[in-house]
Amino acid sequence: MKSTTIPLHRNPKLRSFVVQASLLLLVAYALFSVYQTTVSNLEERGIKTSTSFFDEVAPFKVGYSPFLEFKLGETTYIEVFFIGVLNTLLVAVLGILAATVLGFFIGIMRTSQNWLASKCALFYVETFRNMPLLLQIMFWNFAIFLAFLPPPKQSIEMGVFFLNSRGLHTPVPFIENHLLSTIWFGVIFASFVGTFVFAKWSKKRFESTGKSLPVFLISLSSIITVSYITFVILGSPLGIDIPVLGKFNFKGGGQLPLPLFSLWFALTIYTSAFIAENVRAGISSISKGQVEAARSIGLTRTQMVKMIILPQALRVVIPPTISQYLNLTKNSSLAIAVGFEEVVAVWANISLNQTGQALIIIAMTIVFYECCSLFTSFILNIYNKRVQITER
Amino acid sequence: MKKITSLLTGVAFAGIAFANAAYATTLEEVQSRGELRCGVDGGVAGFSAPNDAGKMVGIDASVCDAVAAAVFGDASKVTYIPLTAAERFTALTAGEIDMVSRNTTHTLTRDATLGVNFTYYNFIDGQGFMVAKDAGLSSVKDLDGASICVQTGTTTELNMADYFRNGGMDFTPVGYSTSVQTREGLEGGACDALTSDASQLAAIRSETADPNAWTMLPEIISKEPLGPVVRQGDDQWMDIVAWTLYALINAEELGITSANVDAMKADSPNPSVGRIVGSEGETGANLGLSQDWAYNAIKQVGNYGEIYERTVEPLGIPRAGSVNDLWTRGGILYAPPVR
Amino acid sequence: MADSTLKLKKLPDREPPENTIGWIAWIRDNLFSSATNTLTTLIFVYLFYLYIPPFIEWAIINANISGTDRSVCDTNKSGACWTFIKIRLEQLLFGLYFASNPEQTWRPIVAFSVFGMLIIPLVIDKTPHKKWLLIALLTLYPLLFICVVYGGVFGIPVSDTGQWGGLLLTFALSFVGIIVALPLGILLALGRRSEMPIVKMMSVTYIEFWRGTPLITILFMASVMLPLFFPSGVDFDKVVRAMIGITLFQSAYTAEAVRGGLQAIDKGQNEAAMALGMGYWRRTILIVLPQALKISIPSIVNTFIALFKDTSLVSIIGLLDLLKMAQNSSRSLDWNGYDIEGYLFAGFVFWIFCYGMSSYSQKLERKLDTDRRAE
Amino acid sequence: MTSTAASKKPMMTDSPPIITINKLNKWYGKFHVLKDIDLNVNKTEKIVICGPSGSGKSTLIRCINRLEVHQEGSIIVDGTELTDDVKQINEIRSDVGMVFQHFNLFPHLTVLENCTLAPIWVRKKSKIEADELGMELLNKVRIPDQAHKYPGQLSGGQQQRVAIARALCMQPRVMLFDEPTSALDPEMIKEVLETMIELADSGMTMLVVTHEMGFANKVADRVIFMDEGQIVEQNDPKNFFNNPKSERTKLFLSQILNH
């Protein structure tokens, strides 16, 4: 036997090394020359790039900032960025909540035995997911809400809620008496703890005797009763700030400005169509055998849905739905079309226009979205790992 | 096909540094291309908007025409590039266009940090407010607490913030990215007032369903000198754009119109006129242009007064006695002499 | 038990009882099978009664289609104003340039019809030589599109990309997006499954970067920052820059779609090819990719649908795509106030295309499913 | 080897049959799957149903716990007639256990949870009680050590035995088996059949759709042959196998026994 020496160009390890090294070099070179070109372009064109504008006072006003108060003449650019980020997160959370509820509703309707209900759900899904979201946002905002909602003086009244062309105005509670309201919150907290203990006890009892109680109903009603009674006893420590019609619009209370309302509405409808499709796919992924087995051991329909179908369907539904949540968050950037002040609108558009610092501003915007995306993948990974452990 | 080829090479060799621009000066580049690329808004009546035949018209577009006439002797050698507010400066500094004539306010920050130069002004504007007639408002002071529609990313937004802050008043901005949307917002009741440059307000009002339902408040809260912008670092080109504009203003001052410019050229005792229409002096050569550069601009586009009358007057913004009138008639338009 | 043989007589098939088949049974089973079911049916019937007749009345019965200006619509406000769409149709479909130059209108019409002639046989099952049609669509058609729509050859005047608009622009943007992104996406998908760590890492970074960012930010980047990345002298107009942004964005999604296909390929295929002594590229191109691409067509079509809808975002950076065109028209002085019609029309056009594509991809998916079960 | 005498005794008791099927007809759309089926099943009787695929044998036993709805005729299970009444259906179902060809275990629940689910929620037993019962039955099918695993971690045979235990946890009066071994490998068939034989020996009433003729021979009181939706022939196993009366049965038996 004679030892063979492999010619260098046929050694797979070497080949792989050379390929990777040259690719790396090529990409590094490409990135470097883009960097260099950019730097020289900036210099040549006399554009100054620096982050010093972060601490400059923003010379414009952001109209909606429920979390960080915007003070004209004090709020700086970097605070504007955070206001934008918080507004994005706000609309994302509102949208995710509503789209999930609506999506599950439509998705379950899609699998309904009732032919009409099922076809209506199909119509809903096919209509809304096959039209551009931007078109839908503008349609609702400009062609429907702005065109048909009345001005503030003729607002649509729904009890203490007022809907008009400026948005939805809601009452919000405010604290009248610090001590008493602290006590009241304490009582509510205690009653929550109480129901928690009660739920634990009732679970134990169920396990040992098989007797079950409507835990949720009992807890809910007792929390409501307890908090109402103490509220009255304490002499109403909280006031309710009801919006009042002022000179131009409603003052006081909480506000869901029309742009936010339209954006939220459109995002909810659009995303719910996708979630509904996920839910349908999840439910129909469950084999007929599972249903038959559940029936054959005598489970009622409700029990079957709760214990057999939903837990399994959710495993199919949740991962793509989490991706839809990310999509919704990214899609909220279309707010720019209706003037809601989320991060792309106040940062990548207004601030960029006013400072001209395109590089830094766009980069920060991208980093924010990449963080959202990483966070989503992180959650998805955790979920997938957990599912993998409980079922192989 | 040139663009497609350059696209392909550009994509393929995105990272590989190219040799610098082949042309040393903007003028040479424009001349060799055979057309002027001029950035405009494209959607503001009276300034730049397509007419029925699809041609861009307006006082901003006319400046482009005049520069093309000065460079080529042919005012039609222009390609108008509609730009958003956000893109106008990058498009200019990247060399995608040769000049911006897009109702752009001259400010220190823009001048000093964006790599651009402002020339002179083709329209001097100021920011005003428009409200519903039946709202019973007579002054901006009445707007304390109001919602105000505004186009975002403009100086308008900043002036409003300053003004309200100064007066200790409160307001809620309702920001839209285009001026058409601000109009829809106002008409739909999203805001109590709309703020923009006075000229734009007039244009917007003319586009509402019922122009008589809206009225302008008397205050003008800012200075908005609007004019063409060029890239920094090419003084010759800056001179060409600036002096074309000056020539149009001087022409009005001297009574040269597109109708009588031929006659003036043939026989004018006034040396100032002669220098403009090219019968005297070396004005064109100094700029690197032909001798009849200003003659062509005036002949084909008209003097400043004619342009104004043709484009802005129909919006309902009278000129007589306003800041946009000549200095000789109480306005502030004052062009340095062509000599 | 001896009598059990008596049952040997074969019973004839009978028709099922009347009330268990036919439409009555169908209605009972699908609409009134239980109390909840009946209630649901009644609720829906009531809702239909509330909303459908007024809509039909507005959109069809009372609608205006005649006339050439808004006066017709202004006198009859009870119906939709389709006159507006009729008058502006050419602008909406072909953009301002081709609409305002009647002698040029043939160019987008030719481009669209050739596309139709290529795509219709492609989606029909029984067409022979599909492969060649597809290749023609991906290679010859773009050339034809450039020659006819862009011009500059055979004496056809150049139409700057900056002058494209309407459905034509929407189509051009998404078509460029898909055909340029496809090869890029395939390479990235292969890279992501590569055994070379650096190649894999770079592909993953690239894919996840673009997938993590909203398209609108990328378009802003393309419109504001791209000019800074290229040396002076290399300048593209806005449409081309948008195309670059869209392509980069789309390639990441295509890569994920193709990766799905690659994952579905049985390992044995690769091993069999290896056993035949094929190298990496030969295995990949001859054995793995053809199968993987076939499987991933539905997902690729789905990403294409998403892209097609997303092209509407270019209106935010000021391009006149179909949506922007519809908006501009309905906001112009001539047709101010008829924006519902504008949105409905644009929405309907988008819907037709997206729904068509998604039905096609669902059909393909089902077919692939049964094919694989049959194997 | 013959089977135990106890289970082979003809059922001539006076007690009424536990299942009475009378003139049962069923259609899938327009396809006539079951034609005039008459069948009485006595307590503790073991019946094996065989026949070519598509003969309606699975459909027949699925009708018995209302997984399929029949259009004509009647089925009476333990004195209760199957109608559309949901409550009655659930009662009957909890008295009739069913084992499927593909096991149909709930993949998201552990083996023990699979078994205790119905006792807890349908029989309203306490969890402790149900757990005890579940473990007892898992012991019976000889897989107590797998109780806390998930079905996906078990072999096919083990899964089918869990399925049997799950059905038995409801303490049913009748057990239905729908081809319980046809999805299994040969060595696993054996372990499942052994479990079923033990179950038979304990006196359970069983209806088994299967092609395992060895099992039929050993356990069945009656073998039923179905074809084209009819019961073609029924007899005790000895006569059925040795002396089939119809040509169709002969053909079927020759195919199934000589393969």
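Each chain gets a letter, A, B, C and D, in the order it is written, and its residues are counted from 1.
Here is the rule we use: a contact is a pair of C-beta atoms (placed from the backbone, for glycine too) under 8 Å apart; a residue touches a chain by one contact, two chains touch by 3 or more.
All values reported here derive from a predicted model rather than from experimental measurement.
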item	value
Selected interface, C-D versus A-C, where C-beta contact pairs are more numerous	A-C
Centre-to-centre distance between chain C and chain A (centres being mean Cα positions), rounded to whole Å	26
Chain C and chain D: spacing of chain centres that average the CA atoms, whole Å	51
Intercentroid distance (Cα basis), chain D paired with chain B, Å	88
Gap in Å, rounded to a whole number, between the CA centres of chain C and chain B	40
Shared interface positions of chain C, touching two or more other chains	220, 224-225, 227-232, 316
Residue numbers of chain D (touch at least two other chains)	none
Overlap residues in chain A, where contacts from two or more other chains coincide	34, 37, 41, 44, 142, 147, 336-337, 349, 352, 358
In contact (per the touch rule at the top): chain pairs	A-B, A-C, A-D, B-C, C-D
In the complex with chain A, residue positions of chain D that touch it	62, 65-67, 86, 90-91, 93-94, 96-98, 100, 102-108, 117-118, 120-122, 124-130, 150, 152-153, 163, 166-167, 170
Residues of chain C defined as touching chain B within the complex	96-97, 100-101, 146, 150, 152-153, 160-162, 220, 223-225, 227-238, 240, 243-244, 316-318, 328, 331, 333, 336-337
Chain C-touching residues of chain A, taken from the complex the two chains share	16, 19-20, 23-24, 27, 34, 37-38, 41-42, 44, 112-117, 120, 126-127, 129-136, 138-139, 142-144, 147, 330-331, 333-334, 336-337, 344, 348-349, 352, 358-359, 362, 365-366, 369-370, 372-374, 377
Interfacial residue positions of chain C with respect to chain D in the complex	1, 4-5, 7-8, 10-11, 13-17, 20-21
Residues of chain B that touch chain A when the two form their complex	14-17, 85-86, 89-90, 93-94, 109-110, 113-116, 145-147, 152-154, 157-158, 160-162, 164-165, 171-177, 181, 184-185, 187-190, 192, 231-233
